[in-house]
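You will see chain A twice below: alongside chain B first, and alongside chain C after that.
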Partner chain A sequence: MSYAYLFKYIIIGDTGVGKSCLLLQFTDKRFQPVHDLTIGVEFGARMITIDSKQIKLQIWDTAGQEAFRSITRSYYRGAAGALLVYDITRRETFNHLTTWLDDARQHSNSNMVIMLIGNKSDLESRREVKKEEGEAFAREHGLVFMETSAKTAANVEEAFINTAKEIYEKIQEGVFDINNEANGIKIGPQHSPTNPSLPGATGSSGSQGGGCC
Partner chain B sequence: MDSMYARFKNVVVGAVVGHEVGSNHDYSSKNQKLEPKFPYSRPHFLNLDNEEIHISADHRLRPIIHPSKPLPYHAGYAECINAGKSRWNEDQAVYRQGVLTKPEVQFSIPYTYYGIFDGHAGVGAALCAANQLHHIIHEKLVDSQDDIWADFNGKRSVICKQIDLLVIGALESAFKEMDQLIAEDRTKYLAPGGCTACVALFILGKLYVSNAGDSRAILCNNNNFQPLSMDFTPESERDRIRRLVENQPSLIGDEFTSKEFLQPLKTVDLGKTVMFRDAHMKGWAYKTVEQEDLKSPVIVGHGKRSRLMGTIGVTRGFGDHDLYAIYTKVQIKPLLSCRPEVQVYKINSTDKNEVLVMGTDGLWDVVCCSKAAEIVQKSITSFSEKERYICAATCLVGFARGSLVNDHNWQLKNGKQASCDDISVLVIPTFPYKLEYEELCKKYNQKLSDS
Partner chain C sequence: MAQTMYSKIDEYGFERPANFDYEVHAEFMGKYMHILVRRAQRWSTLKGKNKFTRSSKLKRFIRKGIPLDFRASVWLQVSGAQKLKEDSVWNYSDLKKKITNPSLIDIIKIDLPRTFPDNINFIGQEQLTGQMFNVLAAFAHQNSEVGYCQGLNYITGMLLLATRNEEASFWLLKVLVEKILPKYSVTNMSGLLIDLDVLDDLVRKLDVDIHKHIHKIGMPWAMVTTKWFICLFTEVLPTETVFRIWDCIFYEGSKIIFRVGLTLIKLHKAEILRTKELSELITCFKEMRNHKDIIDCHQFMIHIFQIPGRITDSDLKNLRTKYSKAQNQR
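Take a look at the complex of A and B:
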């Protein structure tokens, strides 16, 4: 399917905060209460519309486990947006945000848009982190903030789409060099002169065997 | 991505000097129009779509890809692309499960097959092997299944061979046929380059590792390891190549010398006395340097940098039928071999933690066997059974790939150079195959007593 832009996202945060569930809710509109441990990285994709332009989000869902930290760190590079997720019912996942943020800032490009997400907002009775604390952290570090529930889908669309809006605005302002793919932004095939297809693909359409997402 | 690709292209040592498709492979102009037999793809069990195939080929990020659906007994696999030496990942991997059926007695013998193939000078040969070798092996096993059955059944006759020799023979003849198929297909399809092959076959409680090339298989158990293959490089195969050249000196043309010297000789050395050995010699002697001796030795360099005819760093595998020694018209294929070395391991461990680790040289160039065993052990103790082997494979690839420092240098944690090659790793628990065999025997005995 054609798109005007492709934005690359990365989802980060402690293990068990619901990163993969947020992705699944966003891409497949469903919730899986028991999710397998993410190993290394998994990919997801979805098309959205901003300013009547088709934008494809390519999402890298990373493992939260310490054992994979050195591997996943290398994926920050080349992301236009990051979703930094904590679990509102587990204080320690909020306490680790600074470490995650330092890591992200150190290894990503400086223009990367970071959205802070307090997930599991449906579990109000078990809440350990107040919404105001999340807001304060976001304000202090210049992040966009939102509480979501991957279970009820509350704010999930908004979290992904608002991040894309921020990136899109930055493009309009000329902050991003959209010709450098290392920024996590790619101009769609119909806008771009070069569309590398796989070797051995018959014809020049490059659309053998299914197609993307 | 592309600038990264270009930057690394010239600094990485490939298996073939002069690399990228066609440089020292000879294709007639009509062949240029041929289509590949198998389009580029990643291993079938990864289920990647086109977009994910492109993501996996990002030389700047080198994402580590693993299967999203479990492999048999939760076996692990992980891979990542090179740092820019070739556009696509030239490694391939495959697994298959099959059965040898005996319709008369309504009984079948299951087997599981894993293979890794490290391509060079193109993706063609490795794709052909990954897509076809298991079919050929299956045919060979079926050819011998009556004999295998007789041996399993304890009804071996005088002319019947034992199972080990039957399976080894099936693997050996399949490797030969695979190479011939690639040779024959050259007129019909585009399949550039060559590849190594390392295959593991689990059948009747045993593991057969069949290896041709410099990929490697080891058994790991509680921080210990046991090699199940040897690396075939110009250096390790010096004797085989020396014997070939001794019998057929024409194989190396006028460009090379079969003599070995302690140091490379130059014109100024003419007339000097130096130590040497020729193809027919085991030991060393002295001779006076003549013009003839200034030719390039047929094998140069040591270890990872050893080269056959100054061109190729691996001496067994499939393909390379049109490979010429760089800057010459001397064919290299006659000195290469597709013959595998097959090692047999009877799975007798009572330890559930024993695993078979198979990896391409992208892993073994920077991770020694004991380090690999240590990384595997750590994953086994840290993760549940469902995840531990994928985690082990991912951690092995992650360790070998290292991280990108200063935007241009892939480094290991200790600061040493990391692997810039394609890296593929399989981590397979062996214990379930022992249980599977015991189950099979039980089932068969039950069947016998029932009838």
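Take a look at the complex of A and C:
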């Protein structure tokens, strides 16, 4: 399917906070209670509509364990948006946010939109991190904040789509240089004036892309 | 094993994937059963106290597959794990009593239910789950440089399935991580970063068209091959194929990983070159396990010693030195 823009996202955060489950809920609209752990980097994609434009989100889901950072770091560059996820039932995953944020800011382009996500909001009885704490952290560091549940799907669409809206607004404001792919934004094939082979390319990707990408 | 041919659970307890091709599998098993019987007979002719001592004959035997009954003892013997155990000043059961570090215990426990949820031996409180915890925690306790690194859970799970012996699994894990494999599981995965560059180099030498195409699409090798190195093809290839590969890794070392990787890539040349964008290319790599020549693990193991050509230990050592210098300069 053709698209006006492609945005690259990266999902980061401690191991076991539900990064892969958020992605699966967003791309496949289902929840897998026992999800395989992510070794290295996984990949997902979905089309959304903003301002009646088709936008393809290409999402890189990373392993949360410390050791994998040497691998996952290289994916910050070239990402327009990041979902930084913690688990509201495990305080330590919240405590590590500063490290994640430092890492992200250091290795990404400065305009990357970061959305802070407190996941597992369905587990209210086991909550260790108050919603207000998440809000305060986000305010302090200039992030957008949301609590989500990959299990019930609460706020999952919103998290991914609101991030895209922020990126889209930045494009409108001219903050992002959309001709530089290192910013994690690509103009869709039919929108690019410089590529003469377009109609064919669009057609073939449309027929093969299927539901996945 | 014959009756499991049509079961939804394979002979190691894994649920077969939804897209599992029973027809291809049945056809392969028809042939493979005969091979297994013949190999078992041949192995039973190995006699004497030193029957599993390293030799060119044993190496040849191992490349053709170790029968399940012999696997644990052969792996222990040829890998040096047995010697490691005999030379050790502490023993495994004492080590287990020292597992007290709460953060280590927590981090391993998070991963237990996430390891092989599709295997009947690891669901809930099944025996192997507890054994996996013991092995991982004991290992982490005695090796603080590695501690617990994700990926070791899969390796340990597979070791338990193959050996059905907790202590043997511990020593095999130790010999793999500390002697056989480069530094894949240490804090910064330096060995993995180097080997990804080595793989890129070897692919370019093997087939320049494939190499060009992968670079044109812009797929980093880490995306699709991290599991090759970190999990030694667990969760990547069919279980029987994985064990056949491990037979050779325990004898011949980590160069086998490259032989397997290069063979997978070369066997899929047409499919790889047909891909037009990143997501298609990634899908192509993910679906390699369904290839007829890979399900037929016996044929696949013949391929891995032919298709990539000659790769010697010293070639590999030189390449690793070269790319380790390059890494340091980055």
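In the analysis below, the second predicted complex is superposed on the first by the 193 of 213 C-alpha atoms of A that agree within 3 Å, B and C clash if a C-alpha of one lies under 4 Å from a C-alpha of the other, contacts with A are read in each partner's own complex, and residues count from 1 in each chain.
Throughout what follows, a residue touches a chain if its C-beta (ideal position, glycine included) is under 8 Å from a C-beta of that chain, and two chains touch if they have at least 3 such contacts.
The structure presented is a predicted model; accordingly, all values stated were derived computationally and were not measured.
Visitor: Once the structures are superposed on A, label A:91 by its partner contacts, choosing first (chain B), second (chain C), both or neither.
Guide: neither
Visitor: Where does A:16 make contact in the superposed view: on chain B (first), on chain C (second), on both, or on neither?
Guide: In the superposition, A:16 touches chain C alone.
Visitor: Just checking: does A:45 make contact with chain B only, chain C only, both, or neither of them? Give me first, second, both or neither.
Guide: both
Visitor: Who does A:35 touch here: chain B (first), chain C (second), both, or neither?
Guide: In the superposition, A:35 contacts chain C only.
Visitor: Would you check which partner chain A:105 touches, where first means chain B only, second means chain C only, and both and neither mean what they say?
Guide: It touches nothing on chain B or chain C.
Visitor: Which chain, chain B or chain C, ends up touching more residues of chain A in the combined arrangement?
Guide: With both complexes superposed on chain A, more residues of chain A are touched by B.
Visitor: Touching A:73, do we find chain B (first), chain C (second), both, or neither?
Guide: The answer is first: A:73 touches chain B but not chain C.
Visitor: One more residue to check, A:131. First (chain B), second (chain C), both or neither?
Guide: In the superposition, A:131 touches no partner, neither chain B nor chain C.
Visitor: Considering only the touch criterion stated at the top, classify A:182 as touching first (chain B), second (chain C), both, or neither.
Guide: first
Visitor: Between chain B and chain C, which residues of chain A are contacted by each of them?
Guide: 36-37, 39-41, 43, 45, 58, 67-68, 70-71, 74, 201, 208-209, 212-213
Visitor: Could you please specify the touching residues of chain A with respect to chain B in the complex?
Guide: Within the complex, chain A touches chain B at residues 36-37, 39-43, 45, 58, 60, 67-68, 70-71, 73-75, 77-78, 181-182, 196, 198-202, 206-213.
Visitor: Please output the residues of chain B touching chain A within their complex, sorted ascending.
Guide: That would be residues 1, 35-36, 38-41, 49-55, 58, 60-64, 66, 68, 78, 87-88, 123, 379, 382-383, 386-387, 390-391, 394-395, 398, 403-404, 413 of chain B.
Visitor: Residues of chain A touching chain C in their complex?
Guide: Against chain C, the touching part of chain A is residues 15-16, 34-37, 39-41, 43, 45, 58, 63, 65-71, 74, 201, 204-205, 208-209, 212-213.
Visitor: Please output the residues of chain C touching chain A within their complex, sorted ascending.
Guide: Contact set of chain C toward chain A: 107, 110-111, 113-115, 117, 149-151, 153-154, 185-190, 192-193, 220, 222-223, 226-227, 230-231, 235, 276-280, 282-283.
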